[in-house]
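Each of the next two complexes has subunit A plus one other chain: subunit B in the first, subunit C in the second.
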Partner chain A sequence: MTDPTPTMPTNYPTAKGFCLTSAFWMVVATSMGLLGATELIAPDLTENVGWLVFGRIRPIHVNLVLFGFVTPGLLAAAFYYVPKLLRTELYSEKLGVITVLAWNFTMVFVVVSLALGYTQGREYAEMIWPIDMLIVGGFSLVFVNLIMTVARRKEPILYVSVWYVCAGIVLTAVTFCLGNVIWRPNTGSLVGIPDAILLWFYGHNVFGLLLTPLSAGVAYYVIPRACRAPLYSHTLSLFGFWSLLVVYTHIGTHHLLQVPVPTWLKVISIVDSVAMVIPVMAFLINIWYTAKGKLGEIHADIGAKFVFTGTIMYFFVSIQGSMMALPDVQRVTHFNNWVVAHAHVGVLGFAGMIALGGIYYILPRITGRPLYSRFLADFQYWMILIGVIGFTVVLTIVGLIQGNAWLNGETVYRVLPEMHVYYITRASLGLMIFSSALMGLYNIVRSIFFNTGEIS
Partner chain B sequence: MNMTPRTVVVGSLLILGVIVFMVVVVPYATRIQAPSDIFRSRTSQEADGRSIYIANGCVYCHSQSIRSIDWGLGAERIAQAGDYIQDKPILLGSERTGPDLSQEGGEHPDDWHMAHFINPRYTRPLSIMPAFAFLGTEDIKKLTTYAQSLGLKNSDQRVERQQFWKKEAIEAYEKGPEANVKWLHETVPEGWRNVPNPYPTTEAGLARGHKIYQDFCLGCHSPIGDGMGPAQPYVYPPPLNFTILKGRGISGGILYYQIMNGITGTAMPYFKRELESEKIWDVGNYVAVNFINQTDADTEPKGIDAAYEP
Partner chain C sequence: MYFPYFITYMALGFAISLAVFFWALKNGQFKDQKRARFLPLEDEHEPSAAKISTFHRYEAYVLVLLAVAGLAASGAVLIFALLNANGA
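Then we have the complex of A and B:
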């Protein structure tokens, strides 16, 4: 495990720790994804190795991506920009380093428990109660550190990035407790249909209240900085922030349009999934107009390039998401790889890209030296970009094949051979993304520890 | 608007509170608690099997909720809220890499499940489901009990039917090939027994039959049709050795009927959902030509030739 080396007497140990955490778990998470994809091509590859069975690998992959790779990556940037924006020091680097260490231990527990089959069987809420506690603890530590930093600020005005990260962390801590039904440690669930409603309220908010606000925070920081331009509109920031909280939080039922939940709840979720265009465009217009005419500057900074690409992905995933919430569309897209494509554009293309962008943007600034290798970072950028777009194309095609075949009355079994060749392409793209994660880990470790570049 | 820390934190928590009330608490308070027509509680063995189902992530590949637009497995019964009133957690699933399992109970007899869980390729050559032999026989049995309970009261009825015919099939099998074949063919309605395969034997037809056989049948009946496929050790009565059918009154119609409808009580599944009519005739003739070495293809009575025949 990459120890975040708490004793390093340098600046920003917390931010560095989260960079390393993110880079390391990205490698593990993508290797799990690659293994899962391979098992769908060659199911007997891991025959009789219980802890590597697909049904255990998949939740490890998903949870590590969310809580091991993307969240720490976005937090790394936050631990840099929050003190910066407030013209102060982080409340406690010591607490920060403890948080990083605890976070890594938690991830180890996540992997081990899920591999051994200790799971509550609810998507994104699989982890058993003690681990839920650790995760809530982790978010609480982060929140305390950030809010205390806010309290000691020297800059009276809170910039929009700070709103996003503070609200994102506190709301995630609350929805995580709700979604994991932590008052029922044994099952971690409600009973029957309400359990599904609560689960998807929470599951949707993992993206809506954690990944999206934290990513927006990074974008709001990095893009104006990299362009050396003021933010386009304060009003749009305000509007985007509050409308995101209002609209995103109550559309989780669009995951349940085809099951017996109350119709009024479905109607709300469909209408407001379409209304998601409002917060999404408020954010994007603000960012894009800030960058208008400054794409050269963005191109020049590899971090900003990742972040800006992430915002474009956000546009696509959100427009697609609004479409997918329409019942007529979902007749074809639900239950198949179309949704998997959407999930990857969202989590890797949007939030993952921005997490990496944040890391690459702050690394030179927290180490005081240039990146170990700009070339490797650029290479990683292209591999991930091609990987995500490739995933989207391939998985969308498979999804359409599956969805239309089923609608047409073909059985699941008959469609399996039609998917095979796409699954091979998908695993190849996965190999690419995994390699890029290795590259990123190497680059980030070298940038932090063995960086011989000029001190700037 | 002045965004103080308090505005941000308290404001967003207030919004969240209101929304939780609206989209979680209200649906909870107004939830349906009445059991549906098929509802019953699970036995403890079934509940154990369900825990194994959860521990091994079956839910990532199998949904348990039938929609009005579904055709395949279980499509006879559209899901109702009252089916789930004791499920914690509820296992609706979000992806169908494998078929929906809400009505899986009684679809197959227990021995089919044993072979399938040991390695799904044994009964379903193209399957991409993981092998679960590592669970051990005990846990596979529990898992099977759970699978057989899916569909609740509806499944009980089907399981009972499987068990009734299982006894008959075993009895017939143990009396020897002659009696077994006789029993098998008596289960086919009379009108079907004398129907020859209406299509002529052609190279193209046999090639298609071969492909279908490989994709659907070979794990049980084996590549040479002697019933010694990899599933054989787990199913009883064992997969039919086709060679014993020779000279025992076999016909295209019997083959067709058995492949279409399956033989309830035995591991032999029905294929009417997966194979269209012509494909069933093709694979039937492939079996007749290659393994039984006796085909009635294209013999009288034939009726009017199909429009597309040369």
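Then we have the complex of A and C:
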């Protein structure tokens, strides 16, 4: 059963489809982000264009980043590494391609419905019921394909990446149903405080039970391969996996510390937010010890370089997250741009970087040819790195200005001029990230379709 | 009434998690951890590195020009904003 039989060659249509999906929707998502940032500088820019007002652009940006760019990017790598690690073929490439097509149609519906103003008005759960169903359907298709691949495996041991990706998909499908209150199609919500609790249980688990496990899965595959070294400890990785499930599921209510939710729930959310240091450090110690003394190898592979940078961002965003759950810290940092900075480090700096890293790592392997342009990928890497660090600095400053002004009872109109210059800086950094997304799309399309590189 | 949904969800979550955990325990997923460390390294050869020759020169110039234009636009916006910060 442990016979190292090489897997059958395939064209990896599912992985390629998800690479293209991610690259395309990254362009759309970042363009929406840029437009939203511009509207914050010039609110009258789209005043008579209803479908482009900030209130519609912002949820389009957020949902496309989550489900259009980052998740498909991480899934692209998963559809490559899961069969490899299990030494079998993907259960059904046909089903995979159908999933890719359905996923893209769903994203089109997301954009059109939100732009037309069809929204349930709950952060991260804005989509209306039919689209919720399409998203759950998409995750279900992915899960069937992956779990059937696991069932047909020739390798008896499930490597930690397989654990992470399977758990991430099934947990998200289920949590998405609960968070979107799918048993109430008309409103997609409960009433009052229970609705807020449910929403933030889901809202934080989108990061904790979807992006984090999928990103960890990619990192646990790419880093040992790029370093040509075994994982530092598989036992530690499994400990990190199970502790993530235990701890992360409880922290959503830290978004509601200034709201009359039950105190015991707040205490649990704060304690577990701080306890997140356990799964986070289990992951980081494992990855960094695997890479110890091998940074040259990581630098040599652009995919691994993206992924490794993502792990560093994970360190920062996680430590920041644990601290932000403390009530005294949150009095200053909550309900302002500090949180926006935090979200960008997490979703773009950590999960987005790892999604791009996964794509660039697998592209030469699924096409059989070298990446179209290492130079463009490197350029994109630096633009995103500068962009996301810039976002963090600028928005953190704005957050502190807003938070302190609020605490001091300052009126909003006196604070807005102070924030203006930072908002302009943010928009200019957003332009960089949008440009880098265009560059990435070009590079990925050329790598898959018009690659004249030598077949390896 | 929302408690039934919460409780059902939590009960299902616990049941599935425990079932998977005990399946893993019984199935030997926590044994042979030393071999598991090497799983990503098995199989397949490494593809050759990206070659400069595949990157047509004129395309490189155009793309670099575009990227630099993007960066320059960002920089110009920033400088303009900083210079006019007091007048805002």
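One rule holds for everything that comes next: the second predicted complex is superposed on the first by the 446 of 456 C-alpha atoms of A that agree within 3 Å, B and C clash if a C-alpha of one lies under 4 Å from a C-alpha of the other, contacts with A are read in each partner's own complex, and residues count from 1 in each chain.
The rule we apply is simple: contacts are C-beta pairs under 8 Å (C-beta built on N, C-alpha and C of every residue); 3 or more make two chains touch, one makes a residue touch a chain.
This one's a predicted model, so the numbers in the text were calculated from it and none came from an experiment.
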item	value
Combined model on subunit A: subunit C and subunit B, fit or clash	clash
Touching partner for A:368 - first (subunit B), second (subunit C), both, neither	second
Which of subunit B and subunit C A:11 touches, first, second, both or neither	neither
First (subunit B), second (subunit C), both or neither touched by A:224	second
First, second, both or neither for A:158, with subunit B first and subunit C second	both
Touching partner for A:198 - first (subunit B), second (subunit C), both, neither	both
First, second, both or neither for A:238, with subunit B first and subunit C second	both
Touching partner for A:140 - first (subunit B), second (subunit C), both, neither	neither
Subunit B versus subunit C as contact partner of A:335, first or second or both or neither	first
Which superposed partner A:190 touches (first subunit B, second subunit C, both, neither)	both
Touching both subunit B and subunit C, residues of subunit A	157-158, 160, 174, 178, 190, 194, 198, 238, 242, 245, 249, 417
Subunit C-facing residues of subunit A, complex	2, 4, 6-7, 81, 84-85, 87, 155-161, 174, 178, 183, 190, 194, 198, 220-221, 224-225, 228-235, 238, 242, 245, 249, 300, 364-365, 368-376, 379, 383, 417, 420-421, 424-425, 427-429, 431-432, 434-435, 438-439, 442, 451-454, 456
Interface residues, subunit C side, partner subunit A - complex	2, 5-6, 9, 12-13, 17, 21, 24, 27-30, 32-45, 47-51, 54-55, 60, 63-64, 66-67, 70-71, 73-75, 77-78, 81-82, 85, 88
Interfacial residue positions of subunit B with respect to subunit A in the complex	1, 3-5, 8-9, 11-13, 15-16, 19-20, 22-24, 27-28, 30-32, 54-61, 63, 65, 67, 69-73, 79-81, 84-99, 119-121, 124, 126-135, 215, 273-274
Interface residues, subunit A side, partner subunit B - complex	39-41, 43-44, 46-50, 53-56, 58-59, 117-123, 147, 150-151, 157-158, 160, 162-163, 166-167, 170-171, 174-175, 178, 187-199, 201, 209, 238, 242, 245-246, 249-250, 252-253, 255-256, 258-262, 265, 268, 331, 335-337, 339-340, 402, 406-407, 409-414, 416-417
